[in-house]
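Both complexes below contain subunit A, partnered by subunit B and then by subunit C.
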Partner chain A sequence: MSFKNMTITPGWEKYMTKEYVDLVERGPYGKQKKVSEMGSFKEVLEEHPMCAGCAMTLFIRLTMVGLPNPEHTILIGTAGCGRLALTQTSIPFIYGNYGDTNAVASGLKRGLEVRFKDQAKDVVVMAGDGGLADIGFSAVMHSWFRKERFTTIMLDNEVYGNTGGQESGMTERGALLKMAPKGKLFDKMDMIGLAQTSGVAYIARLTPTNPTRVASVIRKAVMIAREVGPTFIQAYTSCNIEYAIPTPKVLDDARDIESKRYGFMEIISDEAKAYLESIDTSKKAKKQE
Partner chain B sequence: MSDSAGVKDVQAGKAPEIKGTTESELSAGDRQKIVTPEYMFFEAPRERAFITGSEAAKEAIRRSNVDVAISYPITPQSETMQQVGSLWAEGYVKEYFRGEEEIGVMSAIAGSSRAGARSMTATAGPGLMRGMEVIASWPGGRIPAVLLIMCRVVNAPLAIQPDNVELAYLLNSGLILFHGENQQDFFDYTMKAFIISERPEITLPVAVAVDGFFVTHARGYVSMPSKDIKLPPRDPYAEAVPAMDNENPPARLSRDAPIQKSNFISYQVHASWQQEVWAANERSRRYINKYMGGLIEVVNPDAEIMLIASGSAVSQSREAVRQAEEEHHTKIGLIKVRSLRPFPTPELREACKHAKRIIVPEFNYMGWLHREIVTALYGYSKAEIVPGPRVYGGMSMPTEMILQTIFPHKKFVF
Partner chain C sequence: MYLVAHIDQAICSETACRLCTQYCPEANTILYDNAAKTAFVAVDRCKGCEICVGICDDLAKHHAIKMIMITDLKDTFELSKEGFRPESWTGKHP
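Right after this comes the complex of A and B.
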């Protein structure tokens, strides 16, 4: 947004809610905030109705810190737990139909590019494993093949959490869940491999165990999507309810899963790598000045 | 009025000057002059061309200052969106791509429209049915966009032939729905649809339907203003809901708030939202009257037997009216329904006050227009409302079929 739009008209400060004044005066707009600064600035996501101990909520909160330009970002989600938090962010959020995220994002990004020639507008899809790998699969794959310039973030809790714990394509084989009364009969879908096949410029797999890394991965993914091509982040964000993980053990579980089968992984195209290096160089050059 | 009258009096301002761009770098669209809708629709000198319905749609899009067009092939629509692709290649449309299938296309339109861009697509029959979940959510999303529909069979066994049963599914979706009779209507309604769709008090999608093949693939005379002029651009900041471009002050709310909690407030929000969608739909009447000459057109208003039709059935009815007068010396009335949503209920009650018999020719089996008319006239007319004649599955409707219904005691061969 232009800062003119968010600035409070002089004389009206006392009529605005504390929440809004804080967002304007202490929000992350126009300055890249760090994870280490959390607690010292007004965050894009604060209050939310998510379950206690939810790893997904932590991941979303860290994502919001990682966004390079929250003032020019539009979020898109679909049915699932994630959107309960995403609707509470102070960033425009589009909640469309089931599984439509990457198609909506394609149209939105192109429409914004037509209207804003001199201002990059970042489009970020955040949806669950069911929303992206099952019902939204076709739109996800085609947006990648078309090289649509936005970021897709999968909040992979390996289950349909919001509808009460049914098996999804991203569930591990053998997991006993609703609609899989004999345990899941086929393997977890290889979305990382599919992203590679369809030419996604930056792919990352991670868990929320390392907060600084989450923010840094998000920042890279959004920047590369802006200039190079589609980016994909697959994040393990466990459902402590459906998988019966005791609330205080949620991060222990994440560390355990990370060490067994969900290790940090980054796949960067040459073009994306060159772009990241070019930003670093220009940053260093600026510092030297 | 002089040619420059509309050009000078442009509400949305002049075509934006692009700094540092030489004349040769300007796209064809940049070189078009922006004129007021009134000038474009009523005052600009027109020339007549003999073109297909698909070409008429293309020419309407050329003059409509379209930002984003998204295509997907399906017979008999494919030709239209192919031609819109050519317009993009020529520089008349700013952005264009082929989507993956109709759910994807209709969703992408929801995205580009939310971005504040003037957006359009087209589909037919099974494509409409496939995209229906998304299309039915556009009105609630207050998505201004234009959807062109070239009707064809939707049900099994598979066929590609004209049949407009698909419009029945759109009647209760909340969007504004026009049904064009011929190539000229397709040209005019399409341009007017953009302007009506984007009015602040409306902010709804508008669908413009024609019957496939009869209109899309056949040629007819279309009078059109010069291709050097275009409609004013969309102003997304003068609409009922904010554009999702993050140019608004930050707030912890989403334009498309999920209202899924089971509590009184969520019921209330959803209920009032639906009321507002349909109220906005009704508010379009003013602009349909202003730009399209009303929701209905009446021929021979005093006749005791009235035909009521929409789409291609109007053309066949016109010819039946002529034959009835010239060959059977009977004056038959005809009401052409231009707008199916909003439905011309008060207009039909007024126009049918005196009628003794009402005949509703249709190009579908189940007769959705007949049901609409019966509902509208119940308690307001003593006329017999005849269900039919009807053709479906791709059949054409010989005028003799209509004459047979008008004159049940005569024998017509068809």
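Right after this comes the complex of A and C.
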């Protein structure tokens, strides 16, 4: 778990797969890559079996670009569509049991802080709305109450996509799904409000319509979790299969939902804001040197 | 048989806005040739979703991407064969 560990022992290059060599030589390590450079560097995400045109796939891809230090990051996920891609990254991935992602992340982050005193290690939980708002709800809330320093990213497709279309707490009232044939009877859960009440240091709600924004939100959330406290990102990542969205229309749908009820929103604590400003100033000072 | 995205490099290189590369859900699928100043598609990675077509048509307004039957393409670029080697791309890919 560092770039040094990834580099290839001289003379062994020819025994490694092309993908691995490319990653070490042309990957996003050492200097944060920009979204505008995509297509010109080797991404940490490889091929994976998620559906064609899935917005969740796009969001995961952009998240990987936003990570400030992929070589010092550990991902935690669970059952659900997202892990199909998350397991195909060059970032260590822990497949938490359904329900315990945020408990695993809490212990892991604390352990890493003891083991690596001089090197920040980032822990990022990425799982579905079912995984975090329903089955993992208790562990998510308690990690926030305890102010655990890691990032939780909800891939909110408003359905249990991987298991064929059950409603989740994050499904909209009235939504018709294969296994909610009469329409959901309850409101969408207000996870943003719950995060605020629990004192989460940085909260963002967004869709993948603006790739640069996605990468920047991810970076902020991970940096703040390093020094200040828990961070939470709730991302609308439609399931085109369960909501029958033709793939060429996936981004039109995201723009539409964004304008109606999923607008970009950021809630940031004073402490987190001051921390972000401090890293920006030290960066500027470095540039001027 | 199935459709994959194909980029008309003559049109793309006039602006090479790179927008499609940022919106394709698949990683390292629309690549960017810095020498020829054009985007191009690794056909072995394209899942045929057509999102890039909408991006180029409606957002970039360049109309450089079309969906084409994979069997109708000649000299395709496959990432799994060639690897990610930007220094070797230089205008060679259709």
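Here is the rule we use: the second predicted complex is superposed on the first by the 285 of 289 C-alpha atoms of A that agree within 3 Å, B and C clash if a C-alpha of one lies under 4 Å from a C-alpha of the other, contacts with A are read in each partner's own complex, and residues count from 1 in each chain.
Simple rule for what comes next: a residue touches a chain if its C-beta (ideal position, glycine included) is under 8 Å from a C-beta of that chain, and two chains touch if they have at least 3 such contacts.
Given the structure is predicted, the values throughout are model-derived calculations rather than measurements.
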Residue contacts on subunit A - larger count, subunit B or subunit C: B
Subunit B versus subunit C as contact partner of A:Thr73, first or second or both or neither: first
Partner chain in contact with A:Leu58 - subunit B first, subunit C second, else both or neither: second
Subunit B versus subunit C as contact partner of A:Arg146, first or second or both or neither: first
Touched partner set for A:Asp252, first subunit B, second subunit C, both or neither: second
Partner chain(s) touched by A:Glu19 [first = subunit B, second = subunit C, both, neither]: both
First (subunit B), second (subunit C), both or neither touched by A:Ser168: neither
Doubly contacted subunit A residues - partners subunit C and subunit B: 19, 47
Contacting residues of subunit C [partner subunit A, same complex]: 18, 21-28, 30-32, 34, 39, 45, 47-51, 53-55, 80, 83-86
Residue ranges of subunit A in contact with subunit B within the complex: 1-2, 5-6, 19-20, 23-24, 27, 29, 47, 71-74, 76, 79, 83-84, 86-98, 100, 103-116, 121, 138-139, 142, 146
Contact set on subunit B toward subunit A in their complex: 67-68, 70, 94-95, 97, 99-101, 103-105, 107-117, 119, 133-134, 137, 141, 242, 244-258
Subunit C contact footprint on subunit A (complex, rising order): 18-19, 21-22, 26, 35-36, 38-40, 42-43, 45-47, 50-55, 57-58, 61-62, 64, 211-212, 247-252
